[in-house]
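Labels run A, B, C and D following the written order; every chain starts at residue 1.
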Amino acid sequence: MEASAIVRTVRERAAELLASGRVDLVIGFEQGSMPMRAAPCFVSDADGTDRLVWNSFCGVNLARFLRGRHGRIAVVAKACDTRALVELIKENQLCRTDMVVIGVPCAGMVDSAAVEEITGHAGITGVEEADGRLLLTAGGSPVSLPREDVLCRSCRRCSTRNPVICDIAVGERAPEPEIPGFLDVDQFAALPSEERRTRIEAEMKRCIRCNACRNVCPMCYCVRCFADDAFPQWVGRGGDPGSVMSFHLVRALHLAGRCVECGACERACPTGVDLGILNRRMSADVYRHFGYRPGMAPEIPSPLSTFSPGDPEDFMLEPDRGRSCGCGG
Amino acid sequence: MTTGENPSTAGWEPGIVAFLCNWCSYAGADSAGVGRHQYPSSVRIIRVPCAGRISPFFIISAFLEGADGVLVSGCHPGDCHYTSGNLIARRRFILLKSLLEHAGVEEGRLWFTWVSASEGGRFAAVVDTVTKRVRALGPASCLRRRFI
Amino acid sequence: MRRPPGRGITDLVERLLTVAEVYAPVERDQSVVFDRIESAREAAIDRGPAALSPKNLVFPRCEMLLSSSTRGDESGRAPDPGPGGPRVLFGVRPCDARAIALLDRILGGGEKTDSYYIRRRESLVVISIGCTESLETCFCETTGGGPRSTEGSDILLEDLGDRCEASIITEKGVWLAGQIGLEHDPAGARTPRGPAPPAGPAADLAELKKRLDRSFEDQCWRDIALKCIGCGVCTFLCPACHCFDVIDEETAGVRVRSRIWDSCQFPAFTEQASGYNPRPSAAERFRQRVMHKFSYCIERYGMPGCVGCGRCVSRCPVNLDIRTVTASFLGDGGEP
Amino acid sequence: MRNPFVPIPMTVERNRVETVDGGIRTLTLSFPADADRGAFDFVPGQFAELSILGVGEAPFGIASSPAEGGLLDFTISRVGRVTTALHHLEPGESVGLRGPLGNGYPMSELEGGDLLLAGGGFGFSTLRALARFVLKQSNRSRFGDITVVFGARSPGLLLYRDDLEEWGERRDVRLAVTVDRGDGSWTGLTGTVPDALRRLDIDAGRTTALVCGPPAMIRHTIPVLAGLGVAPERTHVSLEMKMKCGIGKCGRCSIGGRYVCTDGPVFRLADLENLPGEFR
């Protein structure tokens, strides 16, 4: 289905939902203030549904906007939005019966910063899409780029292109990519410890502790985040590298088994820290050890809220039995 | 933490923080003492109610504040005072150990094990092994906090 | 497309390097930031706007205020400033320089001046280059500045390719120009040879302030801030945002007090110890940001707290564009 | 140029419990250095930042009168890291102080007229400083009728019992102490500070009102004072707003174009009415 047909259907379905009173609010995307930007928008009457759009710049994870809102809400959701919704429902943050998911298949979202980099920051005054290419007007001249070359980092390694939960399906199912596995993680793991450390420290050095990664994350909803606690203070808020690193380590741990890899954190990071360098490790481990992919199955409990008697123990210390197992004697 | 400010000092001994569950491993450390099992004095023991109580913060904080190694020990599977605290914890520890080593904390600084109340000998052997391994690695620097 | 800087600029940088520490835009990990350079080749003046403004040089993200390594000395000591040779901040855009002019009034001015800021600022000479191109996100002219604004600059250059023309603006500029044999061009950079790029519509700031002041209690803030997720990126990237927090830390017997950048977009910014928060939701917090920039700063410091650099516009994850917001207040109807 | 972030070292003289639950204590501090004592010139209503390096810094109203021989009282409610550490200070220990900060009550405007002091909870501390100043024998004649209204949530949370007892016995001050909810032995007024104010009979034309308390109390007190006929020009409100630097730099306590730390904390109500309503 063409993008314009998707937009038309999204608008029609949204208008029906609002007109019939089935929902009080539709959360979707509208055209942003300039080309290559789509912004979350909130529509509460059927006449306003003309604002809704769908294009390659709808990267924001809309699951972030449902918590704390009253009434029945319809949300225009791509696969990673629905995966976050699934996890939030599991964690009792959202109620499935209060939401209507308008599911849209996704072929990956475009990273506008990558486009700007390629076009040398020449003013981009127009953008259209056709046949997997972006047709831009940059610095007054036409430029054509393959979408594949400018996808968000998280979208390049995406494993799920179709909504996981869906009440109203829009468009044809996108072909699912072969699950790309965790090649990036394995390659990194193959590096010597010292080199891994150097690379991660280089990423951490760019962090300015603005907390944007946490603040945009659809899964970060703690009333009081460990990073803001002063009493006790778990991680320092200053500039020492140990504190910066621990902030990111603990965040990665808090997201283990929950991170749906929507890439919201990486897109928000003002200094371009590759946050996946830690989060992907956790995704790989959770998948390999517990067979779990966050947000894929509403009925399977979160891996860290449960256990299996047969969980791996090879990581544990088993001192030489002959020498140690004297059992008190 | 009194780890060597000057790692080149020949007499450097590692500082190891041990988080021990109240019901098994802490009692196991006690039995080691009662049973006169010799083990290195490098560990500083912190008693926790259950292995399940151990937040990743505890371990990361220990490294931040200068520990050279961290040992975590709880009840053997099936023995948990709270039924399954140790098994829930086991899942977390898998991830924590993997993540820290991924980030460059050398393999051999962070250890998990099970020690029951009666296993004084095992406790001594655990501390012995851990101390040897950490001593071989030298002072930790990866997560240590330093004001610039 | 951006063009590389002319020889005039690189020659000048080489000369500067012989008399001062030079900080210029440099490319680090695919983004442009301000850092110290050792040779003119490192300067990335042609690489687009810096991701982070040069604010860090006068107002670092984390700055130690006091430290003490002994018990019983609760007052602590301010860190030793070290040798304070001249530092040149080279190649800033006029908007970023203008933001330093605002910081001068806030941190450097008032009854109690900020000694840490003053120390860093006094040794700093700012050389800006007039913009010959504007980006989609630029709106300096909307905030009362312009591509050749001299506010905050000690010297303003016009890049003419094989040479550059200099407007020497301040005493500091005269001193530095003397050091490197740079002459003031009477025509100066203020009469540009290049095309003057439009950078946003000029706005009536007084009228905007008036309309904002009238709209403090308006419901519109709730609608404007609906999509705001309070991430704070706008404030952390802003060259003019100056709010900070003061934190204390201790490790291994060393105790320090530092200040760190903070953001009015965070709930904890105003949450009182009792739990009461005068700005409980994104609506109040976003309003504070806009009001602070376009009403309170004008009232208190005589210039807006926004210089139109466009960083918040380009990096806002939800495209909450401050230009759209201010324009809505200046629209025909008055209130949006 | 003095570095405004470097504190004056102070010595803890006394640390006493104010409330039954132990949640509020008053620290009495002295200046080890005569030069610092001589330079510390303040008026009631001003505040200071107390700090323990490595733990933190927080602002507190000065609870003692300037006429108390170089000793400063600070009343501290234990709510977090800094206040807990301050609660644990022993006499003889050291604590950092930056101040005096803020504007204080408009002392020159108060002379010759009647005063109405209305404070709630632990916000009463700077009004206690003012009361002790105006009620000092050598100062008393410079002021007209003085009324002090102090409210707390419960009898156990009343502060400054010695002062309250003394003022209760004096004939030259009218004291109304009220609690939101009494207990079995409470025989005094029950109700909020605005409730107590409503019962007062004052000469509004001669009265200057000074109000300090939590935002909810201020919100409800302002209309009652207006009802009593106290003009907004003669009503002064000391505001609470989260602060950090205390010197008008960190931006945290901005209300409109004003900073509570330097332009306040005491504001004339007539001026506040022109500011955004974030203080209520």
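The rule we apply is simple: a contact is a pair of C-beta atoms (placed from the backbone, for glycine too) under 8 Å apart; a residue touches a chain by one contact, two chains touch by 3 or more.
If you're wondering where the values come from, they're calculated on a predicted model, not measured in any experiment.
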Inquiry  = Looking at chain pairs C-D and A-C, which one is connected by more C-beta pairs in contact?
reply    = C-D
Message = Please tell me the distance, in whole Å, between the geometric centres of chain C and chain D computed from their C-alpha atoms.
response = 38
Query = What is the distance, in whole Å, between the centres of chain A and chain C, each centre taken as the mean of its C-alpha atoms?
reply = 31
Rounded Å distance, chain B centre to chain D centre (Cα mean) = 50
Ask   = Taking each chain's centre as the mean position of its Cα atoms, how many Å separate chain B from chain C?
value = 47
Request  = Provide the list of chain C residues touching at least two other chains, using ranges where the numbers run on.
outcome  = 67, 245, 247, 249, 251, 256
Request  = Please list all residues of chain B that touch 2 or more other chains.
outcome  = 64, 145-148
Multi-partner residues of chain A (at least 2 other chains) = 233, 236, 238-240, 243
Note = So the touching chain pairs work out to A-B, A-C, A-D, B-C, C-D
Ask   = How about chain C: which of its residues touch chain D in the complex?
value = 65-68, 72-78, 106-107, 110-116, 118, 216-217, 242-250, 255-257, 259, 262, 264, 269-274, 276, 278-279, 284, 288, 291-292, 295-296, 299-300
Request  = Sort out for me which residues of chain C touch chain A in the complex.
outcome  = 1-2, 29-31, 48-49, 51-52, 61-62, 134-137, 226-227, 229-233, 236-237, 245, 247, 249, 251, 256, 258, 260-261, 263, 266, 268, 313, 315, 317-321, 323-324
Key: Residues on chain C engaged by chain B in the complex (per definition of touch)   = 64, 67, 249, 251-252, 254, 256
Query = Given the complex with chain B, which residues does chain A contribute to the contact?
reply = 188-189, 193-194, 196-198, 200-201, 226, 234-236, 238-243, 245-246, 249-250, 252-253, 256, 278, 281-282, 285-286, 289-290, 303-307, 309, 311-313, 315-320, 323-329
Ask   = What residues on chain A touch chain C, complex-wise?
value = 32-35, 37-42, 60, 64-65, 116-117, 120-125, 139, 202, 206, 208-212, 215-216, 228, 233, 236-240, 243, 264, 267-268, 270-272
